[in-house]
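Before we start, here is the structure in question, set down as structure tokens.
To keep things simple, chains are lettered A, B and C as they appear, and every chain counts its residues starting from 1.
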Amino acid sequence: MKNYLSINDLGNLQEAVKEALDLKRHPYHFKTLGNQKTICLLFFNNSLRTRLSTQKAAMNLGMDVMVMNFGSEGWQLEFEDGTIMDQGKSEHIKEAAQVVSQFCDIVAIRAFASLIDKERDEAEVVLNGFVKYANIPIVNMESSVAHPLQALADAITLEENSVNDNPKVVLSWAPHPKALPHAVANSFVEMMKLQDVEFVITHPKGYDLDPEITKGCKIVHNQEMALENANFVYVKNWSSYVDYGNVSTQGTNWMMTKEKLGDAKFMHCLPVRRNVVVEDAVLDGKQSLVIEQANNRIFAAQLVLKRILEHL
Amino acid sequence: MKNYLSINDLGNLQEAVKEALDLKRHPYHFKTLGNQKTICLLFFNNSLRTRLSTQKAAMNLGMDVMVMNFGSEGWQLEFEDGTIMDQGKSEHIKEAAQVVSQFCDIVAIRAFASLIDKERDEAEVVLNGFVKYANIPIVNMESSVAHPLQALADAITLEENSVNDNPKVVLSWAPHPKALPHAVANSFVEMMKLQDVEFVITHPKGYDLDPEITKGCKIVHNQEMALENANFVYVKNWSSYVDYGNVSTQGTNWMMTKEKLGDAKFMHCLPVRRNVVVEDAVLDGKQSLVIEQANNRIFAAQLVLKRILEHL
Amino acid sequence: MKNYLSINDLGNLQEAVKEALDLKRHPYHFKTLGNQKTICLLFFNNSLRTRLSTQKAAMNLGMDVMVMNFGSEGWQLEFEDGTIMDQGKSEHIKEAAQVVSQFCDIVAIRAFASLIDKERDEAEVVLNGFVKYANIPIVNMESSVAHPLQALADAITLEENSVNDNPKVVLSWAPHPKALPHAVANSFVEMMKLQDVEFVITHPKGYDLDPEITKGCKIVHNQEMALENANFVYVKNWSSYVDYGNVSTQGTNWMMTKEKLGDAKFMHCLPVRRNVVVEDAVLDGKQSLVIEQANNRIFAAQLVLKRILEHL
């Protein structure tokens, strides 16, 4: 594997999940693979799980880790070509990416969607800037439109908790006080399309995800019907895609409850707002998988780094 | 040892000091004890000594270290149960603590008192949130009401510098332009109660510490009398406990001077405001132990981490 | 070598460059030299290249690294002697430097010029505060008046790219929207004075550097004449030294272009503002050495750390 930008970069997902579960059983089995290899984690946005789990994964493989908050510790970057850089931005992505790639062996990047300019968000200027100008593998730690480390961790969690073949998995939109990106939902949908599952997306009208991504997926606007006989319910808020980045008054009663959940397992990528996205009774109950999902972030990252290291 | 929340978690203090002094002589003697163990240092407040000394201590034991400024790099945390999280806070301590505890083997936390809400400060919501929800050992890097790593470093420094049995130790309040927490003073008092010393607390009226903590201690409001024949003078400002978090006009002449100090050794946890808390002549003189106290922060932390690692 | 504060601390520059090039060929040749040695990188200002390259250099030598943003993560420092510290500053450099030097074996410091108070900038209060009060080697990661790690990287790059003896090297001022320090230019000039080259400085009137530093150097105010037959053109903006820290309306047409550059190699320390300091065609062309200069920052730092470690 060269870069890990999308869940589709993994090739056979089932094999990747199996390999990640091997790493979970033997986290230090490849502890010399990363010797004299350095990963640089560059954050353009805040992070808790991604920061610590990716760092842990790299250390499990014997790598050196450099962590940097690019925004506050480095320089403001320019991404456009041909600009006269006489305003606030001190450095062009062309230089920054080439330079950083000389100081390490892998670069991992977090750069969220602005939710202001759809075209620019979809161009993934930060992530793709590094892909274009850096000469080393790039790992996506959540970009404008994708969060493939989360999706792989979710696939691992589903594999660990599936008791029947062809389970029913529902992605259910939830309310949220702030406008949130589509990255987690997008990558979850893409991961679902690689799985042998009955997959249903449910959300209020106006909250359709990018139709390119959900193409071929069953979409139901009646949450109750969608949830019927579900084995796993993945809950996540996202802002409008059509009315880009906006939050409508729709869906105030879409919070996930114990009653709605029935016998299904509950999943969420975290952080989660209690009693807005999901009620306490779900998170504090035995059907919640959120803590294990977070744990699996280590092994998702470790699988990705292992595969990249093996091809360096 | 499971957690290190208070100086009382050490058991026999004299043995702990002895063990720390052994580590000071042979800092790399246990350099494989922490192999494949990771400590996560979480800062909710600024730090210089604690950050660097704890990191150094962990590295001396061969541990991997992850450092994170929780406030600025992570998410705002909610600590109350049952809240509808539709305001500024993105994540509940329940999830955050469980999640972080999966990414490492020990969590160390710094979370200062607000000095606004006494009850909430005494509930130690951050530290106790991690104790309650994390499944791994917790180390207190200064909480609302305690700074036990400092107190252990102070005990080490006292042991190294005591020339007579049963020395007289005075904790002397000092003026300060800002309202400061009681944590350092509290832990020093608790440490004193475990020692074979003549201990006196002196402060202006209105600056009594928590009576639960100072119970049984000699308290004198006349600084001059208190300092008489002292062997060690530990100087520290704190804001009012009764009139919680406030600073009165009392005590403007309580700055420690060379004259007041006499032949005693001078101690302070640092950072210290020169010529406000203590005059230059004291800090620049031979009776000051403040640099050695800071040095001993390494071995205090190393003793604590060693004991925790031995019981993992 | 004790401290690395100036390019002159290296002794014979040609030997240092040769040793650095050996390290570039065999970066892990001394990977046990730094065992059980710790470097602390203290940033009072932002950094990208310096932060990552110095960290990488230290790791290549097997050192442990602690990185700290002193301003935002630590305490505000007081540098004056005898001050009554009752304002915003919590800690004196005397304590901070002594304390930090106990937690590591080498301290590296970045502290830019204020460009407000020339005398204070030239006194190098931060860097010299650490030199004075710390008891361990200090490395300059760009101070008010010098950036010797950059100058050494530049010397390495010149050595690698020189095809003829006694090349002509031109330091050419460039326009910039913000007032910038003189550190890079100063250290480049000092490095040039140690080389067997034909060296010319060119800048608009009013932009003379510190005459103490440029003493003996050829200075030409006609950029075109200065650039004639140049082999290397080092471009850099700096604010006025005489009219300290100010930016005049002079020199708007001093941007480096492909046409002006001719057949010369282009150098810049980065970050660089495209189409203000230099046009795209230069940076994107084959004559640009800026990426290699940045790469050589690793080996400049590694040479410096290696020499310090060898004398610890």
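Keep this in mind: a residue touches a chain if its C-beta (ideal position, glycine included) is under 8 Å from a C-beta of that chain, and two chains touch if they have at least 3 such contacts.
Note that the coordinates shown come from a computational prediction; the quantities given were computed from them, not determined experimentally.
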Request  = Select the category (line, ring, star, complete, other) that matches the graph of chains linked by touching.
outcome  = complete
Key: Rotation in the CA alignment of chain A with chain C, degrees, nearest 5   = 120
Key: Same vs different contact residues, chain B with chain C, by half of numbers used   = different
Message = Counting only Cα atoms for the centres, state how far chain B is from chain C in Å.
response = 39
Request  = Going through chain B residue by residue, note those that touch at least 2 other chains and give them in order.
outcome  = 72
Query = For chain C, which residues count as touching chain B in their complex?
reply = 36, 38, 40, 64, 66, 68, 70, 72-75, 78, 81-87, 89-92, 94-96, 98-100, 102-104
Query = Can you list the residues on chain B that touch chain C in the complex?
reply = 28, 31, 43, 46-49, 51-53, 55-56, 59, 69, 72, 177, 270-276, 280, 283-284, 290-291, 294-295, 298
